[in-house]
Structures are given as C-alpha cells and as structure tokens.
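Think of it as A, B, C and D in the order they're written, each chain with its own count starting at 1.
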C-alpha cells in the first residue's frame, strides 16, 4: 500500500519538501465528527520549530481542506488537506545533489528512485511531510475525544535528561495536552532545552525517547495475528523519520524480569477487571485489556549537523566530504511528539472503526 | 486484514492449540523455488521444546503440504500447510476456563470473542500457532537463500546473561544456521541454560533479547511512508507472542548519542558504497542501504509460571487465585528465534517481490 | 492480495485439482455464528455433478474443519476447511501436458508460472477449487440468514431456454433454497436438462445466464469510490471460472432506455422508502437502497468438449490437435449457481462487517 | 480500502462537487515516466460537456500537480493532483435537499452518511469526481504507452444507434486516440448526436454501451483467484457512475453458444501463439493470453431529466414530486469514454507493476 496506511480508516500522504504542496487524505472517518480549523492549526503549531514554543499566540497555518468537511463536520468521505510549500527558495542544489548526508535517505532514495527523486530539502523523506500527519491526526484526535479516548506523549528522556515518568496517567495525559514543550516536570524541560542549545553551539544534535499513553480505550480491540495493537502502532510509528525503536509497557526491561515480576495481576475494582501493574502496556495477546496503552519510541539525533562529515558522492561513486549549511534542527524530539500523538490517533480510529463499525466514532 | 500478513507475498495463519489442526497459507511466492520437506522439518525442529536440542536426529514433523508444491518446487499458487494437532487430551478445562492467567490473553480473548473463543490451551493465541509461521517461513528462507540473502538470529541476552555481540555478521549468520541453541558463544549458552533450569526449579520463567541480522539484501527496498522496512518487520515481529519491543541498529541506545556519533559515514569500498559503522541497522529513511539489516526483539518472560498468582474469574467477575498445573516453558527465547527468522523471511519476500516482481525470487 | 478476497471478512483459497487437498480459510466472521456440518454438506452437494441431482439423500462431503469452530459456533478466528482430493488417479498426463485446451487456462498458466504449475486436471484453475468457496460460503450464508438476509440464484437462461423471471422476489428466493436444480419453472428446467443431454451427445457444451437476488439487505451499505456494492460483487463473481459478464438490475438493457424509463421512482410504503420498479437492482451510487439487490452473470459454455479441436503445443510452439478424453461437464451453469450464492454471501459479510462492526453478524 | 483502488499502483480520490477542490493521489507509479501537463489537459478536455467537442483548441484545465512530479518526470512518490472547484454558486439548495432524485444517490447517501453528506450538486457522488480519475489516468496512459500498450474506447451503441464494431483493433485504437467524439464510423456519430439532441428536447436522457480494447499487453498477467484481470477491471469500472454492466469478449452473447463456437482456437503465427477468434476477450482463466483485451460497459441514461418525476422527501418521509432545474447532461456516454480509458490504464499499471516490479513501467 506504500503511502497509504490503514484498513478502514486510511491515511494517504503526499508531497515533497520543495514541491508545490504537501498534504494528506484521511478516509473512512465517521460522518458527523466536528472539525475545527483552529484545533488543526493548534496541533500544527506544536510541530513548528522551537523558536515558536515561547509564542503564546496560536497562528493559523496555511492549510486548505479541499474536501470531506461540510458545515463544520466530517462528511464521511475523504478529507484532503493541502499545505502549500512556501519559502522554498530555488537555490542551487546542484553542489549537494550527489553528496549523501550521513544518516539521511539521500543515498537510499537514489537507489530506489534512480535519480528521479526530488532531492531538494529531503524531498518526500523530509520531516516536513509529517505536517500532513498532524493535520489529519487532529481530526482523528477530535474523533477519539468524542468517545472519551485521550492520547498524551511526553519527552521521557532527551539529551541525557530524564523527565518524570508517568504517575497518574489519566491526569498526566490531560496536562500534556496543554503543554507546548511536552514534559511533566518543567525543570527537566528547562534542562533539556539548555542541553539542546549547548549541542547546537557545538554543531551537534541530540536524540531522546518519547513516551505515550492512551487512556479510555475499550478492552477487546486488536487482533492476535497479525494486526495486534502493537503491530499496527509500530507499523505507523516506525515510518516517522528518526524513530529507531518502539517498546510497549516495560518493553526491553521485561527481558531481565522473572515471570512473576512481569505479569500484571488481574483484580476486580469497582466491578471492573483491572490490573495492579501495567507492565504489559495495556495489551495482552495483541488485544487491549482496558488499562492505558503505554509505549515508548526511541528518536535518534537529527542526522544533519554542523560538523564536516566524511561521505560519498554517490553519482560519481567517490569519497568526499560534506558540511551542512544553513539552518537545521539540533533536536526533533519535542517536535516529533505531536506526530506520534497524531499517527497514534489515526491508527486507533482505524482499529476502532473496524471493530465497531463506520459510524461508531461519531456516536454519542 | 487480520490473520493475513503482507501485500504481494502473504501469510494467512489459522488454528487453535487444541483444535483439529493448525497451519498457514503462503501465497505469492515465485514459481520454481525448490521445496524440501526435510528443510521444513529441520526448521520446525528448532522451535520444539528444549529437550530436543541435544537430539542430533532431525525428525520429520507431521505436517501436510496440501497445495502449491509440485514436483519439488513451488508452483506460484498458494501453499497450504496443515499441522495436525496431536496429544490434545480432552481433559476438563472447566475449572480454569474462567480464570485469567496473568500476562496471557484469556481475558482479552473473552472481551473480543465474547466467550466463543476456543480457550483450551490458549486457543488461537497459543505459541503453537507459530509452527505455521515456521513451516511457511522455511520456504521463504529457501527463496531468499536462492538470491544470496541470509538471516540469522542469536540469543543476545537471556536470563541476565549476554551472548557475544555480532562481530563478523556474514560469518555469524552462517554459524547460527548450524546451531540448535542460537548463541555465538557456547559458554554463554551453557550459562543461559543453567539459569533457565534454575528459574524453572523456582517456579519462575525468564525472558531475553533476540538479535537478528540479514545479509545480502539489495539497497533500495522499502518505502518512505508507510511501508518502511522497519514498519513492515515490526508489524510482523510484534505479532509473535511475548515480543514487547523492537529496535533497529542501535535502537534505544541512539537516544543518548550525538548526531556525529549516531551517523554512519558513507565510503566507497571496492567500488561499492558502504558505511563505516552500522548504527542505523542498514536502513535510512525506511529503505535499505545495502548494509546488513540488524534488529533486536525483547521477549518477555513466559507468563505461565509454577507459582500461585492472584487473578480474576472474569465470568463471575470476582477475585480468585490460579496455580498453573502441568508442563510449561520456563523460557521461550531460544524457541522464538526460528519464529523471528521465519517471519522476517516472509516479510522480506513480500518486499522484494513487490519491488522486483513476482518471478524475481526464483530467478538465478 | 491475489488468492485472498475481502477486507474485513476475507476468503483465502488454496489447492490444485490433483494435489493433496483443496480448501479455504474464511477469516473475520463474527464469533457466535452457528456452524452445521450438515448445512455445509448440503451446499457442497449442490455443486456436485448433475447425476446427483436426483438423489434426495444429502451425503456428508469429506471435508475437515481444521480451525475456527468450537462447540458448534464460529470462534471469530480463521476457519480453515480442507477438502482432500480423492480419485486422482496418477494417469499419464504427459501427452496432453503441452497442448493448450482452447478456452482453458493451460496456455496462460504456462505464461504465468513458467511450467512450474501443477497442470493435472486444470490445477489451481480447476472448477474444483470452487468447492472451497462453497464450503466457506455456507457459513457466510448462515451468518446472513441470522440477520434476515437471503440469497437466491436461478438459471435464468440455459442452452437457449428461459426460466420464468423473478416475480415475487422474496418468495422466489425462498423457493430456490429448496431446489437442487435452480429454476423457478420446473417445465423450463426439464427442457434445459434435455438440451444439455442433447448437446452432450453431440460432443458439445452449453452456457447460460444466472440471475441472483438478495433480499433483506439494509439500505446504506457500499461505498461511492471504489468499493461500490457492484464493484465488490463483480470482483468476486468474475473470478468464478466461465463467468464473462456481470450486470446489475436491467444492466445492458438500460443502454436502450430513456431516463424516465430507467429511473426507479421512490415512494413511501408502510412508512418505508421503496421504489416502484427495481431497474437499478437495489443500488444507487454504489450503495444499497433497501430494495433487493439483483444481478445476472453470463456463464460461457464449458470449454472442454468431445470434439477434436485445433490448438497449439505451447512447449514446442507448433500447431496440433486435441481431443478431450474421459468425462467432462456439458454444462456447468446449474453447478455454478451455488458458487455464485456462496461468493455473494462472503462479499456481503465483508461489507456488512466493515459497516457495522465485527460482531454485527452474530447479533440477534 | 474505500476511496483507494489498487495494490501496487493505487488511486485515492477525494472531493465534492461544490467543495473547495477535487482530485486524486496516484501512488506507486514508476519513477521516470514523462509527465506532460498538456497531455493531462488534453485528456481532461475529453470529458468536458458536449459543447466543447467541436472546439479544436485544447485548453489547459485548471489543475495543480502538488507532488510526485519533478523536472517533467514522475519521481516514484505519490502524485497529488488538485482540481479547484469553480462556478459553484452558493445558491439555495434547501428546497431540493430532502428530495431524492430518482436513479441518483441522494437517498442512499443520506442512509450512509446520516445527513452529514455534502449534498450540493451530488457531492462526492458527482460525475465531476471522475475528473480526478482522468487527470491521474493520463499519467498511467503515458506509462503504458511507454511500454507499447494502448487503450481505446468507442461508443459502441448510444441512443439506439450502433457504431461499427472493432475490426482491426490495433488501428482502431490508434484512430480513437485522435477522436473527440469516440466513434469508428463518423456517420453513426452524427446520428447519435442527433438522437441525443432529440432526447434533450423532450426532457429525456439516453444511455449506451462503451467498448474498449487494450493492445500490447503481455501474456501471463492477472491471477486465477481472486484478482483476475476481469475482476480488477470490473471492480474499477463499476465504480464509474452510471455503469450497470460489464462483459468481456462476447460476454452475455456467449451464454447462447456451443462450446465449439465459443472456444478460441490457438495457433502459431509468426512464431507466436495467438488465437483465431477472440471471443474470450484476451483472457483465459483470469490471465491475459496476449490477444487484445476487449470489454464492454453498459451506461444507463443520465438519471437527471427535464421531466417532472414522482419521488420522496426522505427527511420528512413523504411522497413528493421533483422537477430538475437548470443544466443537465442528456447523455454521458461520450464523456464516460475517457473515464473508462483512464481507470483501465490505472488498473493495468497496478497489475503490471505487481507482476514485473516497481520500475518496469519506466524501463525502455
């Protein structure tokens, strides 16, 4: 399916960094979901460069809803959102065209597209393409919130600094929805920003770990083979540039536990079946058990750095060097957070619509 | 798509632990791939219980190839393999039917299937279902080897004991294909077995980490959105029971590196573009770069343990206790290894057939 | 997806005419649908050769439900049904191996599978493979009948003889479920049988037209693009061997009407919106309008005939002649009827499960 | 998959008649296919209203290629084409909102989308949406022509008047590419136009039959189950509004033939295997045999007519009457022709790319 994700609710992405426009088609969302351009814009603002974080003013992004929304609600037909590309100066890319930026997709794109790829600014591999995910994801988030399902992601670790772990997940998720820089502990947030600035001054970049929780999901969604909730989420998450690891619940830490430590014991609380711990991240056998779904994504440091790096000229097949000019992100962890929220929302809308039918998301 | 995985090469799984039979349909594999029942049996033997490891004799498993193989080769039509269930004594499951084994899918299955699930022995959630993956995977492995592509998985860590990391990946992969207990360092292997026996004696179970390398893959396969090689592999891997984390290359360790440390520098070697390190696990922008694809899977400790555990009776909605009777695996890490190899092979056949066409895998 | 049909409810077919076994995997059917082996056997009996028509005794076919059924109900997991091949004498096919039977798939199979195809008895192209559709379809038919949805197909025309058209569709459909030879007018049925016997005696075969009606479908299912009800049904129907045309409602006859003649006028009857005519076959804009869904399939005469035919030896690339030996069907129209019912049922289960959710089919 | 068609090459449609814009995303097309905006515009001009037929001037349509095209070639990434809606006067639709136009999707859309549908001008069901198919199809047509594969559709019958049947298919297809009004016999074309004008003057509309031939397709593409060439084409064709029947080769006429008449005899001609007749429309067992693929589509008369029609008010659930005001097409057969060509091209690109790999279409 390539650039289309999902089965019942699908997301199709298109666009190149320096082409005419980028965007997304979100299809299969129930008719009757309220759509607010302000809400979409507020989500898009969360993935803008770090300088905007301190700006309390939410600006309207320049996006166009071409279809699928009528009188403020989803119609049930495909929603195409186009985000025109601007500020794409037609500078001369000739010099760097053939130099593979280490850690980037320049070389692999050339292998795949044989030189026909739009290489300018990363083309179809650019992080900018995630804006389409965020715009579409805002509608998916609205749909889930209509059903009492909430998603929150925080910067669990960045530049070697840890945020407070989730404690009261329900309220943590609520808190995060109000934060531009997604940490639970603002002091840790300050420390992280300081480290990012420091890395930048040295021509370096840093990575981190994003931790996400979803609350309000019903038990019994997902499939044993092969569409486990873990499978569907990881499929989507691993297509976000820079994500190199995904784990659910305790994830890799479970490898060192004994069974009696790893197992979450079931108990009846207020008439409902819950678990005492949530080491399995709300998923047993690929299917939700009603506890919060919790997962973590490893984000590698941005590959574009200020330092000179050895690399190849892949057209002339020879060794060379590369020094990135211009602006580049010393860190994308905090910007990736809303992308994770958005794609998670879209995947969950897909699973829920498949399980409960086309109209479910819009039902009161 | 539920129990069907893939686009051009697909795997459909079926079966319950105590039903008539389990198995798989592998569809879309090129016509002309040699199929050896001995080879399939040898792969199946690798996922048998640990007692068999010391047996040098490869026994024929009791599987039936119903279709898709003719005169020792794939025909290009669906290959259905049925593995009859045996030794499924019709003992009384009534007592444990309503008790949710902690860490297992009993409760979530009940939420999903409303009590119609075949609960005996884990039903469709049983690890036994992976035998279908292995049988089909053996054919996929044959197909890949025909093209010079080899997969090897070792027990990177288990019960707190580390195996030697991959060093010369090419020869490591070759070595692993000859090992029943998949460690690079046999002394570590002995230590791991000892720890497993120890855990068992205490009514406990242990987990671990499997590390996989694929060598010989061409550069330029995979998609930027959403079918990255990471996405497709993780989708499949996360449907293997007990896998709770997947990372590529350095994975979560990348979160703490600077960009200059994480980036793999390209260089020309013998006329080919390679990288000096392989921190990205052979994948840039979701697409292979020609280096070995390397990933790691976290395997949680087997949830069934000998100790008494608190849990619920989910039919009567009340707290209760559970003590597992009979045999259970104190560790499945070593058995999961061939499942990882197999599903990886199937996913790669799918990607390669989509990229190069239906016949490619069988071409000399 | 090749040998897998559907999105939420899927059917995967496997098998060759002279292989070990044929069968189907039906996945995604709601848990809790009653499954009767007798009912499956009775449907399978309807596609047996014409000699069986006069036998009032319903024999149990030799099929095995490997999975997905427990205590007489669907579990919600994949249902694999295997039908072992019998009476496949290992006669020498060498002589006819390279001769393309006119109207058959021998030559195209060779082009596609490069000689690795199991050519014996038509292999994977054999009409026998439709037995898997019928076995799986019986379960889908049960599921639909649980919701008050009934399907009936009659031989609208065969060997130049017309059956009575549908008049009271509801009761016609009921009547057809009791008929082994599916005509509304038994006199026409006798005439058709006579013509078939006549054709056979001349070494000839005949074709015909099957007309199907589905009653009880809710309005509002199907998609405008591209999964119209017509699209999904025709996709499935055109994979039944020998079907060369599909039309809905008046179909090709509409080409000659004026708009005022073709349009079905809406009116309110007993509080429900209905149409006065049903020229559009119950579908407007790809979506059901609540009237019976009616369509017709053209079945070509069986290509295997008793007469000597000119053809090619496609291995030696030279002209030759072919005379079919042994038994062959002079007509498959009456046998195809249950295949049409079955695949229609499976497609409708898919559409309905996608629209109303996984559990809907089993709900009372 | 709803509004997305295809597996390896996919088309996603979006848009409403009176929304901001309509369009399509074409994904999976090989990198390196030349893209000409003039060629796209020329194809779009063929589906414009009949008044334009006599205009020899090819106007540039107002479409925007947002992505996937760089320096005049496909990049291999998704091609999004947006066609802004113009002349969509915000007139008051209140009066007709609740009246179901007979033969139209107003009522079924309401059943499906619960009143949230954009009902203005047919919304997502409007024939206007096919412009997206044509724009994307132009690129698919270019890709196929690069490989020597040509598609041509003529008005086989319209308003009761027959065009000459295909005779020399190869040259017929070539001829049709130069015709704005797609008939082989211009006299028949004149007669058809006269009949259309006549019907219009009586407040009526007419239908017809489109016949399509594809030349240059290799033998051996398509699948036996379920993705036969007939299945995939009919799936796409039946989603074109007004198409109610699809037949391949002789189609429904085969029902009345004897086997010896229907079978196409194979023979060797100039070293190639061909057939003497082409009654099966170039397809045996769902797979191409190298002869032209020929099929016919029944197009119903446009449902919107000038006459007053009885219908219902589906919101107030009562009988009423409707008289269409303003402009409407008395016939869409001639305009649908390029839509058939376009969707056929897209389906064939999908099949060919799956069979021969991602790059095949662009290879010389």
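Methods note: contacts are C-beta pairs under 8 Å (C-beta built on N, C-alpha and C of every residue); 3 or more make two chains touch, one makes a residue touch a chain.
Just so we're clear, the structure is a prediction, and the values are computed from it rather than from any experiment.
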{"item": "For chain B and chain C, chains touching each", "value": "A, D"}
{"item": "Pair exhibiting more inter-chain C-beta contacts, A-B or A-C", "value": "A-B"}
{"item": "Euclidean distance of C-alpha centroids - chain A vs chain B, Å", "value": "27"}
{"item": "Where chain A and chain D are represented by their mean Cα positions, the distance between them in whole Å", "value": "38"}
{"item": "Whole-Å separation of chain centres (CA-atom averages), chain A against chain C", "value": "45"}
{"item": "Two or more partner chains touched - positions in chain D", "value": "1-4, 7-8, 13, 77, 112, 124, 224"}
{"item": "Chain contact topology (line, ring, star, complete or other)", "value": "complete"}
{"item": "Partner chain C, residues of chain D touching it in the complex", "value": "1-5, 7, 11, 13, 100, 102-105, 107-109, 111-112, 124-125, 129, 157-158, 160, 199, 204-209, 219-228, 230-232, 234-236, 238-239, 241, 243-268, 271, 273, 275, 280-281, 283-290, 298-305, 307, 309-312, 314, 317-319"}
{"item": "For the chain B and chain C complex, residues of the former touching the latter", "value": "1-4, 7-8, 10, 12-16, 19-23, 25, 27-28, 31-32, 64-68, 70, 73-80, 82, 112-114, 116-118, 123-124, 359"}
{"item": "Chain B residues within the chain D interface of the complex", "value": "7-8, 77, 224, 354-358, 360"}
